[in-house]
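By letter and in written order, the chains are A, B, C, D, E and F; residue numbering begins at 1 in each of them.
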C-alpha cells in the first residue's frame, strides 16, 4: 500500500472525470493510491443520450456507465474504483450505506478528500453527496464507531469544480497545475461517450484555469506558465509552518 | 539582502505585534527580511493610557509609541520598521502617500503581505488600511508606474487576526505554528506598556489558536501539538503542484 | 390544454393566495393553465382560529381549509388545484410522494414554477417545500425516470414573497404588476376566513410592492404607475436575446 | 414551578457545559427553571479518552458520560436534565423523537431556548440539532398538534458558542456577564474528566469574551468590567419599548 | 440637560421622519434629548416636486426643505435639529465636516445612534452617511482627538429602515412599538408636502412592522398587540445581564 | 438619434471588448446607439507588453491603446467612444469628472448601463468604476442637478463578466446569445494586440457561456443551441407584466 492516499466521493459515475481527473492522475503519478467512490452510476439523470436508444433498460444503462467509468479510471491511474450503485435522481443513503462509506474512508485513510460544491440548485444529488461526505468524515473520526479500528485524522475536504460555478456559490482557493497529466485527463474524458458535448467544454475549463494559475503565481510580473489546471475550494483551514 | 521577504502593513504602531508578531519572528528566523510599515502611531486613537497623563502632547505620545514599536520590532527580528506617521482616527493617504507605499512594496518585493480584516465597524482605519494595501499592490504591479523599476509579482495578502473576529467577518483559512518563537512574541507584547490589559488577552488568543492548529492537523486521530499559533485569512487563491 | 402553463408548489393550503395570487390570476387571464399543488392543508400549524372552536377535529379543520382553498382557487382562475394532504408541522414527503409530485410536474410541463423562500427559521415546512421543489424538478428532467415520458425542460423557479422577508434572506429580483387582477386576488384573500388579520396586511404588501414597481421602472423620471404588485426571487439565470 | 424558564438543546452530553454553562447558572440564580435536553451522550464521537481504556463498552461510556453530565448539571443548578439517548455520530431523530422533544418544549414553556450554530462542517450533529430545535419549536406552536395543550409562544433561539467560531459562520450579537457564577461554571467544566484538555481552553474563551463585554459596554470611555462572559447569536428579532 | 440622549445622522432632510420618526417621538416622551443631524437638505436629489415649479432656485428649495424638516422635528419632539447643509447627490464630507460631526457626537454623548443601511445601490449618499457615522463614532472615542474633552463611550449604531429593504441587504433585529406616538409620527410625515406619495407608503410600513412586532413577541400563542412599529438593525453586539 | 440606447462604463480601454463586446454588437445591430466611456486607457496597468518595448513613453502607450480601442469600437458598431483619459492604477474621479460622466449619462439616456463587478481585490480600479457608475446614475436622476435638463429614468445596471469570476463574487443572472455577432466580437478582440494571450481565453469563455445559455433555456429537455454567449449580473430588480 502506498504511503499516501486520496479519496474522491462522486455522486454519479462521470463526475470524478470532469471535475478532478487531473488531480487524480497527478497524485497517482506522485505515488498516491487514489480511491474513487461513485455513489451511483447517474443512470437515471445523467445518461440522456443512452436513454434515447430504442429498447434501453436500466441495467443496460448502468452497464454502459460502469464500463465508461472503469475505462476512465484506468486512464487516470485510479487505484480503486468503488461503485456503490445507490441510485440517482434522487440519490439517497441509508445509515448502512453511510457506514459502508465510513468503512471505505477508514480503510483508505486519505491525506485529502474530494467532493462536490455545497450548493447546487440544478442537481440536489451533488450537494447531498457533499453533506454525506462531511457526515461520514465525522463518523470515521469517532473512537466509538467500530472501536478498535484506526480512526480518521483530519483530512482536507476539497470541493471540486461544479458546472456553472457562480450559480453554486463555489469559490476556488487552490489551483493545481495538471499540465503534466493532461493527456491522461483528456483520454479519460473521451471515455465518456454519452456526454461528448462536454469534452471540449471541460478542456476549455482546464485551459482557462491555467490562466488563473499563472495569474495567481505571478501575474504580469511573470507567473509560472501552465497549460491546464484545476480549481478547488477548501472546507477546512490549513496548518502550516511557513506562510 | 535575503532571498525571501515579507511585508506587514499596519494601520497603527502596535497592530503588527498583537496580530502577526509570531509570523514575523518565525519568518525572520527562517531567513526572511520582514519589513513593517506603520501607517500611523495610533497616537490619537490607540493611546488612551498615555493621554490620561498630565501635560501630555501629541509629540510625546508619538515618541512613546515610536519607542515601544521600535523595541517590539527589535524583539521580533524585524528587518526594517518604517513609520509613515500619517495620522490616525482617521487614517488617510494622499496619492503621494500611496506612491510612497508602492515604493516600499517594490523595494521589498515581498513573498507575502499581511494586513487587516476587510471589515471593521469599530475601527474604520483598519479596513481602510487593507483597502490601501490592495490598491498599492495593484499599482506596484503596473508596468507603467515608474517604468523601468522591477514590477511586483502576485504575493498573497494575508489578513491577520482582528479584535472580535466574528464582528469583522474574518475567517482564518491558515493556522501558523508559532511555538518556536513564542518567547519573542511575548517579549514584543510586553513592550506595549500602554496596553497592558491586552497582554494576557493575546496570549490566550495564541493558546486557543494552537488548539485549532492541532484540531485541523489531525484532531482526535492525533493532530500535531502546538502551544501557540496565529490565524490568517487569504485573499487570493494558492497555486500548487500537490493538494 | 393551454399552450402555456405554470405550477405553484405551496406547503400549506393558503400560501398560494397571499404570496402569488396575483401572478396566478394574471397568468390565467393571459391563457396559462395554472396548477396549484398544496402539499398539506396547514391543518395543524396554520389553523389556530379553527382549533379554538369547541369540538374541533382534524377532519373538520381539513374540510374547512379545503373549502377555503377551493373557493380561493376558483376566484383566481386556477386550472387545477391538487391537494396532496401530506400533513404539516412538520411536512414530510416520502420518495413516493416526491414521485407523485414529479408526475404532476411532467404532466403540467410548466413554463415556470413558484415556491417558498429557501430559508425560514419560523417555518421549516416552507424551506422544506422549496428543497423538494428543486429535487423534484431535477427528477422530472431525468430521462431515466419513467423512460418514455416527456422530460421536463428548464423552467425558472420563482420564490414568492415570504412573511417577514428580511428574516428569510429573500431578495426580489422581479416585480410583477398585478393591478389588472387585484380584485380577484382580494376576493381570494377574503376566502381565508381563518386568517382575517392578514387580509389587510397583504393588501398593504401589494400596495407597497407597487411603489417598488414604479421606482424600478423609472423612478423620479416617471416610472410606470402600478397600484398593486408582487415580488419574486429567481433561482436560475434568464436566457435572453436582448438586455 | 418557577415563573420563568429556559431550555437548552444539546447534541451531546457535554455541550451545555462549555457553551452555556454560565448562562444556565446565572439564570438559575435569577429564579429560572433551566431544563437541559441532551439528545445523545456523545458516546461514540466525543469520548475518545474513554475509548482508549482497555475493555471499554458502549454502556460503560454512556454511564460515564451520564455521570459526568449529571454532576455538571448539579453544579450549574440545572432544574431538569433529560437524556434522550438517541445515539451520536450521526445523531438522528425520528418523528416520534421530535414529538418527544416538542412535549418537553411545551412543558417547559421556555422564555428562551439555546442550541448550536447553524453550520458546522466538523460536526454535522451540531447543525442537525439546531435544525431540529427550529422544527420542534414550530411544531410546539401549532394549535393542531395535540389540541388542548398550551401552545408555545415565540421564545428567542440563541445559538451558543461553537468551537472554532469563524469556521461556523457564527457571529455573537449578545454578550452575557457570567462573572457572578464563574466558579460554578468552572466546577461544571471540571466534571468533564474525559476532556481535560478543554478546561483551560474554555476558561480562556470566557476571559476573552469578558473583554468583548467591556468593549461593547463602553470601551475606552469606560466600559463595565467583567471577568468572564459568554456570547450568543440570536435567530429572531427582539421586540422592545426602548432602544 | 436630560440624563439620556440619542443622535440621528440623516443624509437628507426628510430621512429621519420616515425611517425613525417613531423612535424619536417615543424616546423624547421617555425623557431623552434627541438630536437630529441632517447632513444635507436633499435639495438636489430628493425634491423633485419642488423643482417642477416654475422659477425654482437652489435657495428656495433649501428653504422649503428646511421649513418642512423644522416643522416635522417639532412634531416629533426633537431636542435639537442641526442642518449641516453639505450638499447632496453626491453628499461629501471634508475632514473638517467630519470633525464638526464629531463635536456634535461628543456634545450629545448619545446612548444610541441611528443612521442608514450599509448598502444602497439606489442612493450612494445613504451608505456614505453610515460610513461617516462609523468613522466619526470612532474619532469621538479617541482620547487624542481634542484632548481634555469627554470621549465617547460605545453607543449602539442602529440602522433604520431603508426604502426597498431587501435590495439593501438590511435585516432588522429589533422591533420598536411606536403605537403610543403614532399620531406624532403621522403629523411629522404630513409636514413633508413634497413627498405626499410616501405618506401612506410609510403608514403601511408601520402597520406591517406592527404585525412583525406581535409575531416575534408571541405569535399564535398570543403576542403583544401593536398597531405601529419600526424596525432597526444593530451593528454592534449587546451586553446584558439576562438573556 | 436612435430610439434606444445603451451606455458602457469601462475602467480601462480594453474592458468593453472582452466583457461585453457581444452585447454591444448585438444591440447595435438591433438599432441601439451604444456609447462607450473609457475612464482611462489602462496605460499604466494594462499595457505590460507595450512597456517592454525600448523607449516607450506614456503618450505612446496612450496612443497605442486609443488606436486599438477605436478600431475595436468600430468593429463592434459602437455609436460613440468617449475617452475620459483620467489615468489608471489608480483610477480617480474628481467631482468635476463625475459631473462630466453625468452629462454623458443624461445625454445618452440609456435603456441600460454596463459596468464592472462590485468587488475585485486584484484590480481596485474595476470596483471603483462601478461605485462611480452607481453614484453618477443617482446624480443623473436628481431634478436639482442642472435643473431643466432631462433627468435619468431607472435603467438597469448590468455588471459584465470580470476575470476570475468566482474571486469577485460575481454571479450572472442573465445570459445573452451573441452567436449572430460573434465574428464582430472576435474581430474586436483581435484589435487588442497588446493582450494576445487573452484572445483565446475570452473565446473559450464565450463558448462555455453558450453551454450555460443552452442549459438554462431547456437543458436535457432540449435547450436552445447557442455557440457564443455573454453573462451579466443585474443590480436592480426587473419590472414585468408576465413571468
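Following the convention adopted for this analysis, a contact is a pair of C-beta atoms (placed from the backbone, for glycine too) under 8 Å apart; a residue touches a chain by one contact, two chains touch by 3 or more.
Chains and their UniProt names: A, B, C, D, E, F = PIG-L family deacetylase.
This structure is a prediction, so every number in the text was calculated from the model and none was measured.
At the far end from chain C (PIG-L family deacetylase), in terms of centres built from Cα atoms, lies B. Looking at B-D alongside C-F, one finds more C-beta pairs in contact between the chains of C-F.
More than half of the contact pairs of B-F, counted by residue number, reappear in one of A-F, A-C or C-E; that pair is A-C. For the pair chain A (PIG-L family deacetylase) and chain D (PIG-L family deacetylase), the fraction of shared interface numbers is less than half, so the two copies use mostly different residues to meet.
Chain D (PIG-L family deacetylase) and chain F (PIG-L family deacetylase) have Cα centroids lying 52 Å from one another. Centroids of chain E (PIG-L family deacetylase) and chain F (PIG-L family deacetylase) (each the mean of its C-alpha atoms) stand 37 Å apart.
Within chain C (PIG-L family deacetylase), the positions touching two or more other chains are listed as 48, 122, 141-143, 151, 167, 172, 212, 215, 220, 231, 236-237.
Judged by the touch criterion defined above, the protein chains form a pattern that is neither an open path, a ring nor a star, and not fully connected either. Touching pairs of chains, sorted by label, consist of A-B, A-C, A-D, A-F, B-D, B-E, B-F, C-D, C-E, C-F, D-E, E-F. Of all residues in chain D (PIG-L family deacetylase), only 43-45, 47-48, 51-52, 56, 58, 61, 88-90, 92, 121-125, 167 touch chain A (PIG-L family deacetylase) in the complex they form.
Every residue of chain C (PIG-L family deacetylase) that touches chain E (PIG-L family deacetylase) in the complex is listed here, in rising order: 48, 122, 163-167, 169-172, 197, 200-201, 204-205, 207-208, 211-212, 215, 220, 231.
Those residues of chain E (PIG-L family deacetylase) whose C-beta lies close enough to touch chain D (PIG-L family deacetylase) in the complex are 6, 23, 26-27, 30, 112, 141-143, 150-154, 156, 158, 172-177, 212-213, 215-224, 231-232, 234, 236-243. Residue ranges on chain F (PIG-L family deacetylase) touching chain E (PIG-L family deacetylase), taken from their complex, read 95, 98, 131, 134-135, 138-139, 141-145, 147, 151, 157, 235-237.
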